[in-house]
Structure formats: structure tokens, C-alpha cells
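Both of the next two complexes hold chain A, though its partner changes from chain B to chain C.
Here is the complex of A and B:
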């Protein structure tokens, strides 16, 4: 179902700094219809920042994000709203509204963006709950369910309007392996059966190799490699091998260097 | 989306073509619910020419099925394309609907 002719999402030379620290350093990425693009990389490498630029929450210092050829930072607000309606986003924290029960959280985008009868909305909510294996839990508040269930409920809300693009920030983090497998299968089903284009930011290597059509590795604000599962598995790149095999030693260093260590330790 | 409804006694045959989506499903719902409210107990929906169905379309079919069954009637889906069956299967709706290969079979299956 993938159309390799023209990317539906294009990131061009994206640059972003926060407080003088460069987080994205000229990111280029093309994503095609119906594919599951996984963006992986160490903590703090800019993955979530990149995702937030693609959905238009953050504006870049330089560069462009094109969705179906439209520069999302240059289109009028009305056009941007139209694009956003076709996007579903699963935030790392879930992001459910805590005073609303799960049913109303999922129904919210349907009530805001459609003219559907309330009886139809009720059934859609039940269908979405069923998709994330949470049938019968609609009346509970977010604080009454586990973190994993919060994430699944947030996914149900993200797909309420049947988006054609779904962005996932750590979709399987905090989930038990079986539920993680269910979420992965959903991502694959959306891609294969509905030609949904997915962008998944994750550290979960098992999930990466289960769902990815292609994998992009982000390191120090740059895409260092893009390839299929096989290409990434067989990559000779030390950085890629260190990351996918979780080796503490390698080019990705967690040891902070510097001559001021004693001074930092004794600072108040 | 186009909807053609043929009425035969207490049965309607509804032929849908195009895409059943958030913007088109309310029209389908209105026409079918109206028919059921007027006493129709046997509903055949021919999906042969439907290229896509979204959640609102699926919810509309579920609501109608429930409504017809409550009135001691039944609903059959005829000539449903494989692609549509796959979409219905994602939310396990293949288990709750009766599918018939042809409109004729659906009509005689009540």
C-alpha cells in the first residue's frame, strides 16, 4: 500500500535551538503514504522535538515541514486546522483531560469536529475502546486507571476521527509486553488496511523491529541513517549497532567530560 | 456517496456507492432510520460499490442493526468487498453482521 513516488511528509533542513542549545541541526526526512516510519535515538537527541515540529506545535528556526506538499508553517490557520483534523497524536504522557471520564475524552474530538448524532458518537467511542482492549471502561476517570490504560485510552482518542496520519511518542513505554504487542498490531493494521501513515518515536527495540517500514536514527540533532529493518539490523555503523544492541560503550557516550567536575560537585 | 433505496413490503434494499464517511454517513443514517421507524423489519444493504467506510459508517450500521433487531427484524450486508470486510474486522464487526454473497441470497435469507 506504500506509494514510493512522492512523500506525504517532508522535513527539510529543520533547525531548532532552545536557550542557545541546538536540538535539531538540519534534519531532512521523507515519509511515504502508508508507511510506518520509526524515529529512534538516545534520550534528549531531539526525537520528540522533531515530532512536535512535524505536527506544527513548534515552529522551526530554519527549514520546512511539508504535509502533502503544504508548508504547515506558511499555510493560513484555516488550512492548518484542516491538516490537523487529519492528524492523530499520541503524546508520551497520554494527555487525557483528567476531570473527564474516558468516554468523554474520546468523544471530545468527535463532538468538536463532526455533526454526528450523539448515539453514533457513543458507538464510535465503544469501537475505539474495543480497538485498544478497553471495552466497558468508558465511565472511569483517567486517575482511576493504570498508566498503561491511560496510554491506550489516549490512543483511542488520537484515532477518534480516523486520521490519515498518526504520530506516536513512545506508544509502548510503560505497557506490559502483551498490550505493547496489541498496540504494535494496531499500528500495523492502520498502515496495511487503511493506508494510514505513521511516525513512531520509540526506544522499544522489539517494537521497532515489529512495526517499522523504515527506521531513521537521530543523533545529536541530525538524521544519521535511514533504512529498512534489515538494513538497520545489518548496518555497519557503530552508532546504530550500539543503539539497537543497547551497548553501554560506543560512540553514544553518557559519560560527561570536563575539567570542572570537582568544582561542579562542590557548587551550591 | 449515492444511496438508492428500493422498498418491497416490509423489506428495504439499500444500494450504497462511494465512501461512507463522517460527512456522508449522517445522510445514510437518516434514510435508514426513517425506514425502520416506518415499520421496515428486513434490511438489505448492498455494499458492492463502497470503496471505504470509516468509523461513523461502521457506527451507523451497528446502530441500525441494533434498532432492527429490537423491532424483531434483521439486517443483512450483501456483496461486501473484501477491503470493507477487512476494515470491519479491525473492530470485530465481522462477528456481528450477516454477510451474503449476493443481493438475491440476502433477500431470501430472512
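Here is the complex of A and C:
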């Protein structure tokens, strides 16, 4: 297949430091059309930072991000905006504009980027609301609904312009298992029915194995391994095995070296 | 005891100067972007939302009227009493009329209004934009290809630019009214005479320079409040810190700008 040969999103040797700390240490990743790519890894390993580079909110110190062959850090702002109109992004906290009600939030990208009539926008908003099972809740403010609804409403906004790519930053974090399952199902639906290419950052293992076409494991700012669900499950890599099974002992260590223990305790 | 080398002092001073210069360039850049979206944006079909502008004008202007009125009228009382206290010794109480009118319109009207608005509106703008920043709302605008400067800053900029002179005009009137009340009730100046004397002393340029000042103060309040808000970091605590910094910085800059503008008007004979 032609599509399989050329990735639609390509991350090349991405390096980023914050205040002297290297967060991303030469990340390489290819994402193909229509797949659900899950990036998993422990807290603070650079997952969200990587996602923010792919959408161009953060600029890398070194390396490139190519979306359909265009280097998003080299194109002028107008071109970047054009690319972004084809991307939907679901933020960890939803990112709904807090002084606008749900309806206006979902209508916002439509009003900004299209010349559609208000009556048409209304229909689209209702359509998107019912896709996330939130019909009739358009008049509520983001602070008046629960966290799970916030995420679903944010998802409705992310897909308002029928994007080609949707990025999710921890879509199921902090949600109850049923709502998490609903969100997972939505991610799969978009990918299958609308041929959306998805990138999901998460450390929710249940969700990873439900939705992923391929999984990339990020550790200490580097991609350790990339593979399908089965490949990851049967991986010989101790790091991967420790992570997917949640074992406290292993190469990912939380125990600090004990040499200076007494000194650290008594030091002021 | 730690030994502090003079080199450390110089390098920390250097770092402070460096960060101050960067802040100034950033604010200048923000100003340029606001002007860009204000004047060039509409021709590209990217004008700021009219509804948002009106909402902000109501918030900045209409809802500040009462507090501005009270502050100005009390200042008028105080000014009339204090100047009468001095002028009585010279037998020149009638000059209270001009003194109140000129000092309110040239100086106190615009400055007090600016301080009130910086405390009420500037703080609110920083707190709102700051909490939007720390809850990923600003980033979500960017990823929707909606420029946060156009969407959030330009309406507030316009609202402050238009409403500051309007509020100052109200402050001018209320201040003079305050002086009038004291003059008529306490200093035995005939009401008609008070108005005639005020007209005699007050020149149009007094009012115009005051209104010009207030527009400049509006720009300062908006730029500082939006800059501090959009650069907030560190959660709820960061929002609090940014808000305090915004108000304090605005206050200092308003007084500084006032001194500079007054000097220009004074030496320029305006």
C-alpha cells in the first residue's frame, strides 16, 4: 500500500531541554494514515512535551516535525494555521474556554474558520454533541459539568472542523472506567469511520490495549520500542514488561541510590 | 558565613537587567501585535469579535462609573477644602474654583481613574488570562489556529482605549461637582459665580491633555495586564502572583508616564 510507505507525521531526531534538563533526547517516530498511535511512558518522561511539539506549540532545540511532508517549524504562520485547521487536539484538562457555554465552544472553530450560516453551525454543533452523547447540554458552562463531560465536550470541539488528525493528551486520565471506555470507543470510531489519524498520549494500560494500532514506549526522552499490541505484549524488553505490568522492581527505578542517604537526611 | 564575591553581585545585577530588557521588548512586541491585529487584521477578514468588544466595554467602563464618580467627587471635596484653607489667608477663596477645575482635569481625574481601573479591571484581566493560561485554554486557542492576541487582547485593548477617556470625563465632572458643593455650601461662593469662574479658568487644552493622558494610561493598563496574564506560570499560586505584579507594575508605570507626559505638556506650553 502506498499509504503505508510514507508516514503522514514524521518526527525526526527531536531534542528539547527545559532549564538545562533534557526532556526529549532525539526522538524519532513515524505515524501512518488512519492508525491510532499510542505513545506511552511514565509520568515526566516527555510524552506531553512530544505531543506539544507535534502540534507546534513548542519549538524543538534540534530536529524536525513533518506533517504531510511540511516542516511545521519552518513554514510561515499562515501555513501553520492551515495545517492546524486540519488537526483537532484534546487537552488533558479539556481546554474549553471557561466563559463560553458548550455550544459556543464547539461553534468557535466553525465561526472562526468558515463562513457558514449560524443555522448550519447550529446543526453541526448538535451533530457533534450527539456524537459524544451530550445532546441538550449545549447551554451549560464548562464549570457546570463533570470532568468526563468536559472531556467529551472538548472532544466534540476538537472534531468540529472534521479534522484529518486528532491528538489526545491523556484522554482517560482521572475518569471512571465506564467513561474511559466511552472515550476509547469514540477514538476508535473516529479512526475507523472518519479515517482520522490519531496520536494518543497515555499511561492507562487498559486503554492502550483497547485502542492502539501501534504503540511507542517513551522512556527518559527516547523511544525505546515501537510495535503492534501483540509485539508489545510479547516484548522481551524488561523495560516494556515492567511498564505494562506495573511492576515496582525493574529497570525503571524509583529507588534512589543509598550512598549519600545519611548525609541527605541530616543535611539542611 | 558565605563569602559573597563582588563578581556574583555584578552577574546577578546583569541577569536582572537582562530579564528587565527582555520584558520590555516582549511588551513592545505585544503592542506591535495588537496594532497589527487592530489595523491590518480587519482587512484580512480577521477583525476582533464585536460582541466581545462591547462586553469588555461594559465591564471596563459602565461598571466602573460608580466607583470613579465617588472617588472623584470626594477628591473634589478635599481639594476645595485644602485649597480654601490656604487661600483664605490671602483672601482669595474665589480662586478655589479654578484650582479645583484645573487640577482635576489636568491631573487628578485621569490619574485617579487610571489607578481605579488598574486595580479593578487590570487585575481582573490578568487573573482571567492567567487562569486561562494555566488551564491550557490559551494553548487550545492556538491549536485551533485562533490567535490569542486577536481573540483576547484586542477587544480588551479597544475597550480600555475608548472607555478610559470616557471615565475620565465623568471623573472630571464629578470632581468639579465636588468642589462646587464645598464652594457653595461652605465657602459662600455664589453658585452662578462658581460656574462662571470655573469656565474662566478652565481652558479646553486642560481637558484635552487630561483625556490624552487617560488614553495612554489605558494602553499601559491593557499591555501590562495582558502581558502578565499571558505569561502566567505555576498554577493557582502563579495566577495570584501575576495579578499582584500586574497591579503594582501598572501603578508605577501610570505615575511614571504621568510625570513624563506632564513634563512634555509643561515644557511644550500645552
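Here is the rule we use: the second predicted complex is superposed on the first by the 253 of 268 C-alpha atoms of A that agree within 3 Å, B and C clash if a C-alpha of one lies under 4 Å from a C-alpha of the other, contacts with A are read in each partner's own complex, and residues count from 1 in each chain.
Please note the rule applied: a contact is a pair of C-beta atoms (placed from the backbone, for glycine too) under 8 Å apart; a residue touches a chain by one contact, two chains touch by 3 or more.
Just so we're clear, the structure is a prediction, and the values are computed from it rather than from any experiment.
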Fit or clash between chain C and chain B when superposed on chain A: fit
Touched partner set for A:72, first chain B, second chain C, both or neither: neither
Most chain A residues touched (candidates chain B, chain C): C
Chain B versus chain C as contact partner of A:55, first or second or both or neither: second
Touched partner set for A:38, first chain B, second chain C, both or neither: neither
A:180 touches, of chain B and chain C: first, second, both or neither? neither
Which superposed partner A:153 touches (first chain B, second chain C, both, neither): neither
Which of chain B and chain C A:92 touches, first, second, both or neither: second
Which of chain B and chain C A:107 touches, first, second, both or neither: neither
Chain B versus chain C as contact partner of A:84, first or second or both or neither: second
First (chain B), second (chain C), both or neither touched by A:24: neither
Closest Cα approach, chain C to chain B, once both complexes are overlaid on chain A (Å): 16
Those residues of chain A which chain B touches in one complex and chain C touches in the other: none
List of chain A residues in touch with chain B within their complex: 114-117, 119-121, 123-124, 127-128, 130-131, 160-162, 189, 193-194
Partner chain A, residues of chain B touching it in the complex: 22, 25-26, 29, 54-56, 58-60, 62-63, 83, 86-87, 90-92
Of all residues in chain C, those that touch chain A in their complex: 128, 131-132, 135-137, 139-146
Residues of chain A defined as touching chain C within the complex: 52, 55, 57, 80-82, 84-85, 87, 89, 91-99, 108-109, 112-113, 154, 157
